[in-house]
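What follows is chain A paired twice: with chain B in the first complex and chain C in the second.
This part shows the complex of A and B:
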């Protein structure tokens, strides 16, 4: 390697890591965030505040209410019996209200008319759907006690592969890892290059005995390295602290990360060539990052989106990286999935690097 | 020299406005980005899963098995893929989301009226999809009771009738759009102020500004007000797109919602200011802004993951995040028609957090000035 280039890369690394705050932010913050999100987030809905309205002395209703509360999904909402159930939900003191039949539950059920009404706060539609499903499960169980015929006919043995307990950490951590890498590489690259131009130190570099390609390499390689270090750190924490498995081979994981980081660093470089100041670079990075995160399938399945947006999602490098992470970590890395997605990412990396190189050369001259 | 002079704050604000107007790219992004993103994602985000690819291993191939497959296809949620190989391999390679195993003897049992079993294996590597798939199975079972056994199951002695309040059709856009607007706008406010003030420090023009007779409080108000106005315009656009494009109802009070917006924007601007005073460098300010703004507001604010489902410690922790309160106020105002009584807690919390962040920023700003 050209010794000037080597010195150049070293200078870039020193410059980025010189600031203590930057070191803490680069290496400490991702770990802290991963820990917080891993501990706090769960896609399981819990602690639904439920108020049960029943006649005084209706012991069957009290028993059913206990079934709800002991399920672990519901907890009692504080209210006084004379209150308006709609008001209770409107004010947010209850998420759901269960209205027992007026004549007493066991009498109504004995006549085969045990109709209960469940009012659900649907201002969060997803949560409302889950609350209804919970309530139906508990009701069905209670109905069996009143001699309901057991579900006749077809039954399913359901088995969940790769994540049998449907643990959220297992599914979220790869997502958070991908998001953090994206943040570190794109925005940092874009801003640091723009900053150099803003300060005028760029001219000094241009006068060094290096070709255009070498300058670009010298400016971007340090960020690729930083990205890989952050990736390894976050991965270690995910594995040790959250027990997220890595069922596939490690080389697959690192090859995927390497190709992905080349793409994002190239995107960052291209953004920097368009931006006139760091604020614009940040906004440009943000404009790329926000859609990339939301379209990647971290939070919503990509297949659900309308066709035009699915088409856009296929241009999202984070989507491929996400698939790779989940496939390698949770499913053991099927070769077909690995090579098609790495291939797609590599193609994007080549295109992005080509665009970055071209734009970069234009700004140099 | 003490006290607050509106004229001096006004001059600072005028200078800031010129700064913003001189940079049309930033202005366009700051105004256009929220609407663009809200519109885009309002369309994109849909929690209903359709077109689930199911690999079928039919080892029975009798008439009842055929009918079961028809029931799956007819539901509109599933697309069946016949396979001779091992369906679980198709799950490994993502060619299928689930697998259905029908063992020999299925048709014999079903046609004789005996209970029949089938195995349904699903990909759990994506929870958001897995849970939805499981939710579709009872519907299949009901259809199977009718079409395989020719009998409607007897009505259960206990039945549940559900009424969904505030969003009877469970339209996910209705609750996503107000939340999404909150996140984008809050983040923009934090980042814009954090970076502009940090830029003044970096360029050394802050010293220049401080050597003028303008007091620190006047500088802060003067610098924040134009951005507040800019972001408020963004809120207005988001409101219009929510109402006109997505038809989200607005049942609450506009005045209270405006108050919530103002408080939330103040909190976000103060957070940005505090970051810029502490970091004094654009790159670091941006990192801190994103770390303290983007991820927590997307993941810990109740936007997607309900706060009540978090462990107790984090339920308290999220109380320190302004977006958490603003999302409550926004959903309340849009969907629930919340009045002053319902919004009192979120509004007070937002006011308290704004005051806290502003005081912190001001204090840090002042101590930095003393030699």
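This part shows the complex of A and C:
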């Protein structure tokens, strides 16, 4: 490697890693954020208070109630059989009430009419939707386990793929990994370049007999390397702490991360050319990050967004990285998904790096 | 050392509506220790940046020559060292780490680096503090480190923008002794300063006021010509006149 580049990388790494606070921010914060996001952004709902109204001797209803309670999502609500189910929910003593068909589930299922009624407290719509989904999953499983003719009477048709337990961590953690890499690389790069300008050291570097490309590479390569290190770190934590699998090949994962990091470091560089100080650089970084995160599909599916936002989302590198992470980690890395999204990211990396180089040159001049 | 000279003609630099330099002509060809003297906002830093090739003039020109022959900026650039006003150092890097980084910037080979760094650490008496970070150095030591980084490449022209600003009198004197030693080595040194007493330490002075050149020449000759006892008087007369 070119000795000047090597010296730049060494200098940047010393500057970034020497300060204990910086080390904590760089390596500790992503782990903490991953843990908090992984837990707090959970769409998984547990301990739902469920009251199952059934007639004495209805063995199918008792078995189904046991299935609900043993799932870990539901727990029995305290009630007495004569109570009003609506009152139970209204008072908050139950989050959901499952009402068996007239004559009992055993007889109704035998006739192929196992229509139950599920009352759900929808004051929290998200929770209600999740409870409904849980109930469908459990009933479908139960129906499959009981076999015909009981199965015919249970009209749920729910299939959950890749995340059969519907663990939100599996869905959210890859998203959070992408978000953290974006955050670390953009903010660090933007702030490092503006810090150099604030310190006045930029003038010294610029007055040295170096080419523009050498200066730009020297200032950005260290952050590409640091981004890959942080990526490996959060990936390990995601795997060990949240049990997120890596079903696809590692090379796909790292190639995707490498291309993505080039894009984000280039974005950080462009931001630094517009910012006059580190505060502005940080603010600029967040101005990019918030919409990028919202449009990436980490939290809400892109398909549910209005057409104009969907169009804008196609310019969001995080969206492609998100798709790649979920595809490689959860689904084993379909080659078509991989190459289309890596291709799109590579194109963005080239454009972003080109813009960054031009902006950087303008700043130098 | 090659004979270096810099001349400017009608140099102007505007930043929007601000006219930082209003057509000044300098001659940095005679004498080796030039002082660019002026109060804050006089245009000293702008001049330094123009000489270092960091800014392009709005009008006028900067001409370099090497051994009496005109030279392009690209030709003189490897021999030109610039120390900005803030002495531009990294607070979290040690003296040694600074020297190693600047060695890479100037692409010095191992033998040259070993010789130069030893020499400079000795001259500046910073050899005992090699592991100390720049952020922990005193004002004088900090400036000396800045100077050392600029000198590592053995430049032929040294541009120092207010190098003694905020430095205590003893460290200032030591710093000037270093500059005399450099000038004795035939290095063209151009120092900007707002301290009027430092003007007398230079072999040539160029007095700048509000972007215009008040006077230029050998310090005593300038004082005599202006009928002033000291340089402050010239600036006060200039401001009143």
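The rule is short, and it goes like this: the second predicted complex is superposed on the first by the 248 of 365 C-alpha atoms of A that agree within 3 Å, B and C clash if a C-alpha of one lies under 4 Å from a C-alpha of the other, contacts with A are read in each partner's own complex, and residues count from 1 in each chain.
In this section, a contact is a pair of C-beta atoms (placed from the backbone, for glycine too) under 8 Å apart; a residue touches a chain by one contact, two chains touch by 3 or more.
Owing to the predicted nature of the structure, the values given are computational and were not obtained by experimental measurement.
Undergrad: Should A:19 be classified as contacting the first partner (chain B), the second (chain C), both, or neither?
TA: A:19: touches chain B and chain C.
Undergrad: Touching A:120, do we find chain B (first), chain C (second), both, or neither?
TA: The first partner, chain B, only.
Undergrad: Regarding the shared-chain residue A:362, is it in contact with chain B (first), chain C (second), both, or neither?
TA: After superposition on chain A, A:362 lies in contact with neither partner.
Undergrad: For the overlaid complexes, name the partner, chain B or chain C, with more touching residues on chain A.
TA: B
Undergrad: Output check: A:7 vs chain B and chain C. Expected answer is one of first, second, both, neither. What do you get?
TA: The second partner, chain C, only.
Undergrad: Can A:283 be said to touch chain B (first), chain C (second), both, or neither?
TA: First partner only.
Undergrad: Output check: A:236 vs chain B and chain C. Expected answer is one of first, second, both, neither. What do you get?
TA: Neither partner.
Undergrad: Check the residue A:188 against both partner chains and state whether it touches chain B (first), chain C (second), both, or neither.
TA: first
Undergrad: In the superposed arrangement, does A:59 touch chain B (first), chain C (second), both or neither?
TA: neither
Undergrad: Where on chain A do the contacts with chain B and the contacts with chain C coincide?
TA: 19.
Undergrad: Would you tell me which residues of chain A are touching chain B in their complex?
TA: Residue list for chain A touching chain B: 19, 21-22, 25-26, 29, 33, 36-37, 39-49, 86, 89-92, 95, 109-110, 112-130, 132-133, 135-136, 139-140, 142-143, 146-149, 151-164, 166, 168, 170-172, 179, 183, 187-188, 191-192, 195, 276-280, 282-284, 286-287, 290-291, 293-295, 297, 299-301, 303-306, 309, 323, 326-327, 330-332, 334, 336-337.
Undergrad: Which stretch or stretches of chain B touch chain A in the complex?
TA: Going by the criterion above, the answer is residues 23, 25-26, 29-30, 33, 37, 40-41, 43-51, 68, 88, 91-94, 110, 115-131, 134-135, 137, 140-141, 144-145, 148-149, 151, 153-168, 170-172, 174-175, 184, 187, 191-192, 195-196, 199, 279, 281-284, 286-288, 290-291, 294-295, 298-300, 304-306, 308-311, 314, 317, 328, 331-332, 335-338, 341-342.
Undergrad: In their shared complex, at which residues does chain A touch chain C?
TA: 3-4, 6-8, 10-11, 14-15, 18-19, 199-210, 365
Undergrad: In their complex, what parts of chain C are in touch with chain A?
TA: Listed in rising order, the residues of chain C that touch chain A are 49, 52-54, 56, 77-78, 80-93, 97, 100-107, 149.
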